[in-house]
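Once you scroll down, you'll see the structures, which are given as structure tokens.
Each of the two complexes below includes subunit A, the first together with subunit B, the second together with subunit C.
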Partner chain A sequence: MSAATTQTTAVGRFKGHGKTWLWVGLVVVALALPWVFFNYQTGRHSGFVLTMLSQAGMMILFALSYNMLMGQAGLLSFGHAVFFGLGGFSTIHFLRAAGNGTLPVPMELMPLLGGLSSLGFGMVFGAMVSKQRATAFAMITMGIGELVGASAIMFHSFFGGEGGVNADRMIERSLFGVNYASPVQVYYLIVAWTVIGVVGMLFLTRTPLGAMANACRDNFERAQFMGYDPRRVRFFQFALAGGFAGIGGALHAITYEIVTFDAVGAGLSANAVLMAYIGGSGTFYGPILGAVLITLMQSGVSLMSNSWLIYVGVMFIGIVAFAPGGLAGMIEIHGPIARAGRLTRLIVPYIRLFFPAFAVLIGFIGLVELMSFLTIGAAQGKTLELFGNKIDVKAALPWLVSLGCLVPGGLWLWFESRAFGRVWDRLTEDLKERDR
Partner chain B sequence: MSLSTTTAAVSLRDVRKNFGPAEIIRGVNLDIREGERHAMIGPNGAGKTTCFNLISGRFPITSGGISLHGERIDGLAPQEINRKGLSRSFQITSIFHRMSVFENIRCALLWAHDYRYSFWSPLWRQKRLNEEAERLLDDLNLLSRRDLQAGLLSYADQRALEIGITIAGGATVILLDEPTAGMSHSETEYAIALIRRVTEGKTLLMVEHDMRVVFDLADTITVLVYGEVIASGPPAEIRANRAVQEAYLGALDE
Partner chain C sequence: MEIVLISLLNGFVYGMLLFMLASGLTLIFSMMGVLNFAHASIYMLGAYAAFDVTRLIGFWAALIVAPVLCGAIGAAIEIYGLRRVHHNGHIAELLFTFGLFFIFERGVQMIWGMLPVPYRVPPLLDFALFRVYGSNFPAYRGFMLLISGGMLLSIWLLLTRTRIGLIIQAALTHPNMVSSLGHNVPRVFTTVFAGGCFLAGLAGVIGGNYQITEPTMASALGPIVFVVVVFGGLGSLMGCFIASIIMGMIQTFSVIIDGSIADLVKGFGVSIPSDNLLGEILNVPGSRVGPLLPYALMILMLLVRPRGLMGNRDT
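Up next, the complex of A and B:
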């Protein structure tokens, strides 16, 4: 319900300037981040951080465009990567054409071409899927995902088969005289297009089509009796979502200079669902949080642990089960309490919640890592290290410590969360009383 | 009963509807004159709501013909019928529960204001549209709940919103399916006044169980029993009709 309320405000009018400044602040942070990790001794950017930030930009576009379907139109698609990937493949071919001089388009407009290509594909596939909604819609999108995934392996001239297609992004044609030789230049191109895409999608939520997408999500039949054809609404929304995903795919092509069949694959489509849901599909900004979080786990946690996918999976299940509004939903439910100026009353309860939650987390991670090092790690000849100390995964102690954190911690967390629930209920009751 | 189709706002000619082997509507003939307030009554399961669903295009008819201002509309999709100027409400409240009250009304205005599927008009800058939505909310007495999520409105307010959504698009023929169902006495009084006000100058066809509402509001009453019209005429005539008394009113007066 909380998540739903925010969708309402997101589609309403621009309210106040606080939010605008938050967005501006985020862009400033995005522009500054490469310099935070700049190594002034060697005079070089951190390649790892730049890649991660670039990836986050593409994923933000991908997740937000996915949410145009899931959150805004109530359409569950399992094939959204098709449009990301096709945008990427198209852009690779545009780059090659630009490289040999047949396509006189500057680099800065390549993402636009990629987006338009995906918009075209979105219209073709949209005509196929928009007849249906709900489960049938989900099944058709899954079928399209499989279809394009299989095509990517079969049709070498466009998809390059298993090896993919590569291109050189130094096409020597730029609006600003930039050659895009260094990743930081590419990163700023990504920031620019991410901002354009985010603003574009935010704008769409406040147009008649955006409003009717919400309307068809809530009650498609009622929309019909208002003169609207839900099929048309789905078609336009689907095609436009594809277009924005294509911009993300184009940025992918430009960054890595290669696109393979993975870019249209089911794995990436599943990622769209994860990012939008974990971030919170009921708000406009939720998927941005999800995209950043998943990117951090994918490129950060994956370096530290073989088991990172387990953590993503458990987090997803946890969110679906306990916080269906996602991260954004969790933020938004604090809105009424914050507006009443009573957020401080939650500080102590949150601290009390933190310790058992931390214990459970440590216990769980401990068990997963021990298990992982007992099998995969051993096979790879790796040893588990914690703060520089080697840990013998065959000894009883680490297992006992992990279990000791997980089980009593879990019980403790259960008691604390009940206490927290009581505080929360009393606060919200107070607010209701006050409103009356 | 007049057989001319040109003067009637809505006209049903020998309309039949089967669900599988069951014949639910069994040859209904009905004319609703331009500008009249027409009530359809009948016992449960008589086919009143089914009639509404057939007229509004929610279900296809099995045989017969339905016309709106003399133009055939059977076989058309609900949105196409709506664009020709017929709008309906639902017995079970049918609103956009996750959107705000204001947005509910504004969505209902979009097609009439010719926005269609526009993804280039910023809604917050459409002054005429937003003003009309506000004015309608004021009319419905919902202005103070403008930004509330529609799903959180009280039942009576949701019913008022339902009526608002139905009339917002400027349709000339309004079908209301039990607009006062589940309302308290005072809420019903208010709803009647509201319906009277917002359907001024329009053609109204309503299904209603509350006889006070029916005799208060309707110029003409049609009685439907087992998918057939057994009587149609002014309230006084219906009240005096023996067949109607036996089939329907008698049962209620006990």
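Up next, the complex of A and C:
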């Protein structure tokens, strides 16, 4: 909570230029992070951290490009991975062509090629889907996603079937004389292209196209009366979103040197929805938060537990039901209070909210883990360990402890959240009074 | 000829199973505007519940207990979940059921494990009903037809002959007018949602041992059911029925087609190599294209006629 608080005050205080400096600061942090986890004894980067950061970079592009549809144009797509994956497959083929000397393109421009190919695919599919909106749009994109996903397993010449297509990224052609042998060099390529992609998408929101996308989302009939064609707006938005997702896919191909049918699959398309919505689709930066959070959860939590899907599912449902603005919405809602300088009044209520919430979290995680070790863990021959102690999942004690955290914690949380609501209401009332 | 007749029968059985799922979904979708992503998860839940009840009591008890359980779960989802997010619009409702889909999939894995469970056809129905051209037609498939046909009849009677059915029919096409006339539309919504989930649960009970009861059965069948609903059209049970039968027939008939487009033109002395993508597409045998055809048909339908086969308004 304290991180979010300081961030909002920072935004509030340096309104205007402050936001630019925040973005620059984030890029500096992204550039420095591999060296924070640098092992000076062995002189090596942490492979796990680098992979995770690289993955986060691609997912930021993927989630932001998805939000060009969901947040900015109000179009719910269930097949966005098609463009991520097709960009990746195209890049793999470009890399192979570059490797045997038929394509004289330096490594640094490969993501551009991948993005352009996805832009092409986006125009083809965009022509098909742009007639629809709302649920019909969701269904037709789902259909395209299923079609391409199944084709990727069926056809070997382009998609490589079940095994996927691989390539060697050391194509010996670079603008800066880098051979991209080590992951850290690839990471900096990813940072560079993520920054280019983010700036490009931020720029698009300030263009007439971005404004018209918002208009068609809010009231497409009115936009039509004003003489704009919502179909053309949807077409351009869809194709461009595909292109930016393709850059992410190209980075995926360069990092892992292999692309399989998973990259166009329904699972990744669903991930785009989760990342953009959990992060917050109402703001530009929301999906970045979502992409980083989901990537951390996917690689961090999946190391410790195999039930990360249920945690993400519960978190997603909680956000849909209680905070439709996502994480970014929760930060934004503190804006007026921060500008009035009243944020300190919320510290104590937040601390009081923290303890029951923590108890509920512990109880819930405990129950989920006990349950999954009882069935899946037993089938895989694993045992549940906590701080080095083996826990018998068939004994009554761990179940009672978890339930004892969850049920009273839940009641306590309900009680505290009502009290928090009263504090919040009084604070916003005060602000309204003062404005009057 | 014989294979055509057998496929016709099997396609009809599968189509009726699809209709049991799709009829509830299309009622929910037409009335509430919510495309329930968790509908196939309820089907899966019905199959698993039937497996447990069959083990404890017996198959005939499962035939009643599991659908009622699924209906209760559906009512709970509508009252405690969808109503809460309703004021945020249809997208929020759709995303809510989308999240439920993940939780159900993982929850089923946590309770019953990752592997398929041995949910079998009851011994009483495990015999050959009749023989067509030397191959047996299992009695259980006849039983499935009986159940789904009986359900079709009772839905039809309920919708056309009872007062609640008339209100539901009116709410399908003119939901605002029905609420203006003083009917409790939220309660109608809950009833229809629970009823749809009851049907999905019933489909799970009779479909779980016809197919395989495993954690991926929801994600395998879910998209096909959406295709049926969109293809059949909003607000039309008849269109939904026709679409279900068409999809069932496509799925069973494509399996028996061995030829590809390349084989077709081979007769004219043209041979197509399969070393590039286009050649490969032309060389794929019909049996492998089968699973893709529903999606291709849905995309085509949305392009040509967005209201579906017999829909009364655009999707």
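As a working rule, the second predicted complex is superposed on the first by the 421 of 436 C-alpha atoms of A that agree within 3 Å, B and C clash if a C-alpha of one lies under 4 Å from a C-alpha of the other, contacts with A are read in each partner's own complex, and residues count from 1 in each chain.
Just so we're on the same page, a contact is a pair of C-beta atoms (placed from the backbone, for glycine too) under 8 Å apart; a residue touches a chain by one contact, two chains touch by 3 or more.
These figures come from a predicted structure and were not determined experimentally.
In the superposition on chain A, A:A239 makes contact with neither subunit B nor subunit C. By the document's definition of touching, of the two partners only subunit B reaches A:A215; subunit C does not.
When the two structures are aligned on the shared chain, A:V191 is found in touch with neither subunit B nor subunit C. Of the two partner chains placed by the overlay, only subunit B lies in contact with A:G227; subunit C stays clear of it. Shared-chain residue A:L251: touches no atom of subunit B or subunit C.
In the overlay built on the shared chain, the residue A:V360 is in contact with neither subunit B nor subunit C.
In the superposition on chain A, A:L289 makes contact with neither subunit B nor subunit C.
Looking at the shared chain after the overlay, A:A328 reaches neither subunit B nor subunit C. The touching residues of subunit A, counted against subunit B in their complex, run 1, 4-5, 7-9, 11-14, 203-204, 206-212, 214-215, 217-219, 221-229, 232-233, 236, 240. Every residue of subunit B that touches subunit A in the complex is listed here, in rising order: 56, 58, 77-79, 82-83, 87-88, 90, 94-100, 102-103, 106-108, 110-112, 115-124, 147, 149, 151, 165-166, 169. On subunit A, the positions that touch subunit C within their shared complex are 74, 76, 128, 131-132, 134-136, 138-140, 142-144, 146-147, 150-151, 154-158, 266, 270, 273, 277, 307, 309-310, 312-314, 316-317, 320-321, 324, 368, 371-372, 375-376, 379. Contact residues of subunit C toward subunit A in the complex are 29, 33, 35, 81, 84-85, 88, 90-92, 94-96, 98-103, 105-107, 109-115, 219, 223, 226-227, 230, 274-277, 279-281, 284, 288, 291-292, 295-296, 298-299, 302-303, 306, 314-315.
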